[in-house]
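The same subunit A turns up in both complexes below, where it pairs with subunit B and then with subunit C.
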Partner chain A sequence: MIELLKNRQIVLSLIILGGLIFMAIFANVLAPYAYTEKDLQNRLQPPSSDHLFGTDNLGRDILTMVMYGARASLFVGFAVVSVSLAIGVALGVLAGYYGGWLDEIIMRLTDSFLAFPSMFLALAITAFLGQGMKNMMLALIAVEWTVFARVARGSTLDVKTKGYVRAARWIGASNTYVIVKHVLPNIISPVLIMASLGIGNVILAAAGLSFLGLGVQPSTPEWGAMLNAGRTYFTTAPWLMFFPGLFIMMTVLAFNYFGDGLRDALDQKMKNLELEGRF
Partner chain B sequence: MLKAENLHCVYTSGLIKTVKKTAVCGVDLEIFPGETVAIVGESGCGKSTLAKMLVQQLAPTSGEVFFEGTKLTGMNWNNLGKFVGKIQLIPQNPDDVLDPRWTVERSVAEPFVVCGGLSREEISENVDALFAEVGLSAEHKPRYPHELSGGELQRVVIARALALKPELLVCDEATSMLDVSVQAFIVAVLKEIQTKRGLGLVFITHDLEAAKAVSDRVLVMYAGEIVEEGKDVFDRPLHPYTRALLDAVRYASLDVVLQEEDRALPDGFLGCPYFRLCRERTVACKEPQKLRDVSGRLVRCWKS
Partner chain C sequence: MLKEYFIRRALYLIPVLIFISFMSFSLIYIAPGDPAEIMMTSPSGGYDEAAVEAFRIAHGLDQPFYIQYLNWLKGAVVGDFGYSYMSEQPVFETVLNAFRNTLTLSVLSLAIALVIAIPLGVVSALKHNTVVDDACRFVALFGVSIPNFWQAYLMIIIFSVILHWLPASGFGHGTDISYMILPATVLGTGSAAVMMRMIRSSMLDVMGKEYIQTARGKGLSEKIVIIRHALKNALVPVITVVGLSIGFLLNGSVVVETIFGWSGIGNLVVDSILSHDYMMVQGSVLFVAVIFLLINFFVDLVYVWANPEIRYDRTS
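On to the complex of A and B.
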C-alpha cells in the first residue's frame, strides 16, 4: 500500500480525485449559492467575482452547479462500477473456475453484450427503458459488467492452475473456500485497475447520455445535462459549456491516470495479462 | 499401503495436429508402511507424472491406484475426501504451492483451519511444532513466500504437507533446486520425520547419492517404464541403463547425453525402450521386455 504512494502518477491523481470527492461530499457547505437559486436579473453573466464560473440561462451560479454536478457524476460512476464489478466478477470467477458449460454460457452472454458498440447499447437501452437517472445507470451497468467478467475470468484461469489452489483442494477445502480465500484475493489487483479506469469511462458515458437528453433531466445539476443545457448559448456564453466540460475531462483523466498508475505499480500478473492482449 | 497397477499416462497436446506423448507406460508398484522408496531416472522419464498419478492429482489414462485396499482412481471428490491428508505430494516446483498473498504461517495453518475442530491456540501450537520439526524459527512465520530462500520455502512446504499427519509423503525432487548442504539438511529432516512418524516416503530424485542414502528400495525409470527395481540396485546394477546412469555419475561420461532424435525409436517399435542407446543390444532386444525376477531383483532386460 505504502509503495503505491511512491508512484508520482498515483499521488497526483489521488490529490485531484480527493479534491473532487471532497467537493462532491461537501457541496452543500462549499457552494456559494443554493443550486435551486435562480436570479433572473443576472442571467448568462460571464465569470466575475460574484460568480466565479458565471451564471446560466436561468441565472443559476455555474460553480454551484458544477459542485453539485460532481455529486451526481461521481455517484453514477461509483455506483455503476460497483454493481458492474460485483456482477462481472461473480460471473467471471464462476466461469473461469468451473469452466465447462457454465463458462460457455457466461462467455456467450458476455460476447453478445460485447457484440454491440457500448454507446450504441447504452443508447438503445435508455431509449427502450425511457429517460431518467436510474435507467441510464442500468444501461451503463449493462455495458460495463462485461469488462469485469472478462478480466475476472482471465485472471481466474491463471490462478486456477497455481499450486496453492490444488494444494488447498488436496487438504479437503471446498470450491467455495478456494474461491473466497485464494482466487478472489489473487485477482483483485487487475479488477481494481479495471474499476478505476471504468469509473472514468462511466462518468464520460453518463455525461454523453445526459448530453443527448437520455440521462439526467436537463434541469438537474449534472455535468452532461449542463453541457446539453448550455449548447444553445455556446457562441454567446461559452462558459456554460466550458466549466462542466473541463470538470468532466479532469475527472475522467484523473481516474484513467490513477488506473494506469496502479497498473504500473501493481504486480507482475498484469504484465502477463498484457502479454495476452487483454488490455 | 499404496499400490499402483499398470499405470499409463498419455499426454495429448496441440489443437489441430495432436501429438501424443506416452509419459508413463505400464508401471506397477507397491509401497509399504514406513518404507522409503526412491525413484530415479533421467529428466523427462515420467517421474513427476507418476507422482501426480499416485496422489490422484492426475487421472491416469489407464491403470489403478489403491490405498490400503481401496481403489482411489475414478473415485469422486466427496469420497476421496476421506483420504485427504493421508497422501501428500511435495511437488517439484514449490514456488506456487504457497499463496503469495498469505504469510507462510497462515499457509501452514491452513490444513488445520480447513479440517476444523481445533481452537486457535491449538492450531498455533501445532504450527509452532511443525516449524520446529522442519528446522524453521519463529522469525520466519510472519513472512511471505517471496521473502524466504529456496531451502526455507521447501521446508515450509514440507511442514504444511506434514500438517495432516500423512501416512505417505511423495517428494518430487524436493531437493534438486537447492545447493548441496541444504539438500543434505532437507534429506536429513525428511529422514528424521520418517523414522519418528513411520510414514511411507516416495523420494523422487536425480541425485543418486541421496537416493542411495535414504532409500530402502530403488526404482529406476526409463522412458515411462520401470527398468529395474530392488534393494541394492546401485551396488550391483543389472540393467544396462542403470549401469549407464551410474557411469554417467561416476565418470560424467557424455555419450549417454544424446539428442532426442537419436534416442527416438521407430513407430510401432515394441521392443526394449533402451534399444537405441544400449551398448549390449542384440536382435533379441526387439522383442517386448518384461520385468523379470533375477534373484530378488526385478529387471526389464532379458540379458541380465
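On to the complex of A and C.
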C-alpha cells in the first residue's frame, strides 16, 4: 500500500479525486449560492466575479450546480460499480472455481450481455424502464457487471492452478475456505483496477444518457443533465455546456489515470487487461 | 486442433444468439404496464380502450408470451423484424439503411483514428519510458475520457460557428464529405486512444524480437527497420482493435449521430425511443447486437489464427 504512494501518477490522481469528492460532500458549504436559487434578472450571464462560471437559463449559478452535480455523478459512479462488482465477482468466481456446466451457463450469459454494444443496451433498458436516476443506474449495472465477471473468472482460473491452492484442497480445506482465503485475495488487484476504470466509464455513460434526456431529469444538478439543458444555448451561452463538460472530463480522466497507474504499479501481467476492451 | 477450436467457438454463438434475441424481445415486457397501452398512448398521455384492444389483437399481443416470442423469432431469422407502429415502414429495411449510413461514417472514423494512432503509438514505443512516451499515453487517456457530446459541441463552435469551415450538422444526402468530417473526428478520437495503446504495446513487444536485432545487424537503417520490420509485424495483433473500435464507434454513434443529425443507427434508436416506436428500438438493438457479436467472433478467429499459441490459455 505504501509502495503505491510512491507512484507519481497514483498520488496525482488521488489528489484530484480527493478534491472532487471533498467538493461533492461539502457542496452545501462550499457553493456560493443555493442550487435552487433562481435569479431571472440575471439569466444566461457570462462568467463574472459574482458568478465564476456564469448563470444558466433560469439564472442559477453554474458553479453551484457543478458542485452539487459532482454529488450525483460520483454517487452514480460508485454505486453502479459497487453493485456490478459484487454481482460480477460472485458470478466470475463461481464460474472459474467450480467450472463445468455452471461455468458454461455463466459465461454464455456474460457473452450475451457483452454482445450488445454497451450504450445500446443501456439505452434500450432505460427506454423501456422509463427515465430517472434509479432506472439509469439499473441499466448501467446491466452493462457493467460483465467486465468484473470476466476478470474475476480469469483470475480465479489462474489461482486454481497454483500449488498452494491444490495443496489446500488436497488436505481437505472446504471450498468456502479456499475461495475466501486464497481466491479472493488474489483477484483483488485486477478487480480494483477494473473498478477504477469502471467508475470513469460509468460516469461518462451516465452523463451521455442524461445528455440524451434519458437519464437524470433536466433541471436536476447533474452534469449530463446540465449539458442537456445547455444544448439550446450552446452558441449564445457556451458556458452552460463548457463547465459541466470540463468537470466530467476531469473526473473521468482522474479515475482512468488512477486505474492506469494502479495497473502499472501492481503487476506487469495486468497489461493483458487491455484486452478486456477497456483502457 | 485449430478447426476444432473454431467449431467450438461457433457453437458458443448459438446459445448467445438465442439469449440476445430473447433479451431484445422481452425488453418490452420490463416496461411497467401493458405494451399495447404503452404503444397506443399518445405523447400527451391518454389512450382509447377500444383502440388498445384492436391493436393487441392485430399484433398478436393477446397470445401467450412464448408464442409471441416464437412468432417474432421466426420472422427475425429471415430478416422480418415486423413493422414500425409509427411509420408503418418495415423495421428491418429501415434499420439496414440506417446501419449503412453508420458504416460510412465509421469507415472514415477508423481512418482518422489510424492516422492519429499509428504515429503516436510508434513514437510512444520508440521513446519508451521517456517524457514523450508519458505525454503520448496521457493524450490517449485524455482521448477516452473526453465526453463525446461535449467534444462535439466544442468542435461545432470552433469549426462551424467561428471559422465557418464545416456545416454544424446535417446529412448531406450521405455522400457530401464535409458533413462527415466533424462527426467522424469526434467518433475517431476514442478509438484512436485505444488503438494507440495497442500499437504501443505491440511495438514494444516486436522491438524486443530477434529478427529486429538481425535486421539491425544487417546494417539496415533504423527507419527501414522500424517501418518495414517492426511496424509491419506490430500491426498484426492490432486486428483485434477492429473489434474494440467497432464497439467504440457503435456506442459513440448514439450521441454523435444525434448531435450532428446523421441518419444512422444511433440516431434511429434515440429517435425511436423518444417517439415510443418500440418495434424499431427492439429491431435496431437486436440487429446491432448480432452484427457486433459476429464481428467480434471473426476478429477473435483471425487473432487466434494469427497467434496459435494463445488458443489454449485464453480463458473464454
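Here is the rule we go by: the second predicted complex is superposed on the first by the 268 of 279 C-alpha atoms of A that agree within 3 Å, B and C clash if a C-alpha of one lies under 4 Å from a C-alpha of the other, contacts with A are read in each partner's own complex, and residues count from 1 in each chain.
Convention: contacts are C-beta pairs under 8 Å (C-beta built on N, C-alpha and C of every residue); 3 or more make two chains touch, one makes a residue touch a chain.
All values reported here derive from a predicted model rather than from experimental measurement.
Visitor: Is A:Ile171 in contact with subunit B, with subunit C, with both, or with neither (first, second, both, neither)?
Guide: first
Visitor: Per the contact definition in the header, classify A:Arg108: touching subunit B only (first), subunit C only (second), both, or neither.
Guide: A:Arg108 contacts subunit C only, not subunit B.
Visitor: Considering only the touch criterion stated at the top, classify A:Lys134 as touching first (subunit B), second (subunit C), both, or neither.
Guide: After superposition on chain A, A:Lys134 lies in contact with neither partner.
Visitor: Tell me the contact category for A:Lys6 with respect to subunit B and subunit C: first, second, both or neither.
Guide: After superposition on chain A, A:Lys6 lies in contact with neither partner.
Visitor: On subunit A, which partner touches more residues: subunit B or subunit C?
Guide: C
Visitor: Would you please give the residues of subunit A that touch subunit B in one complex and also touch subunit C in the other complex?
Guide: Looking at subunit A, the two contact sets are disjoint.
Visitor: Any idea which subunit B residues touch subunit A in the complex?
Guide: Residues of subunit B touching subunit A: 55, 57, 81, 84-85, 88-89, 91, 93-101, 107, 110-111, 114-115, 160, 163-164.
Visitor: Quick check: in the complex, which residue numbers of subunit A touch subunit C?
Guide: Within the complex, subunit A touches subunit C at residues 107-112, 115-121, 123-125, 127-130, 150, 153-154, 157, 200, 204, 207-208, 211-214, 227, 231, 234-235, 238, 241-242, 245-246, 248-249, 252-253, 256-257, 260, 271, 274-275, 277, 279.
Visitor: Residue numbers of subunit C touching subunit A in their complex, please.
Guide: Answer in residue numbers: 12, 15-16, 19-20, 23-24, 27-28, 30-32, 137-138, 140-142, 144-150, 153-154, 156-157, 161, 193-194, 197-198, 201, 240, 244, 247, 250-252, 254-255, 258, 266, 269-270, 273-274, 278, 281-282, 284-285, 288-290, 292-293, 296, 315-316.
Visitor: For the complex, give me every residue of subunit A touching subunit B.
Guide: Residues of subunit A touching subunit B: 162-164, 166-168, 170-173, 177, 182, 185-186.
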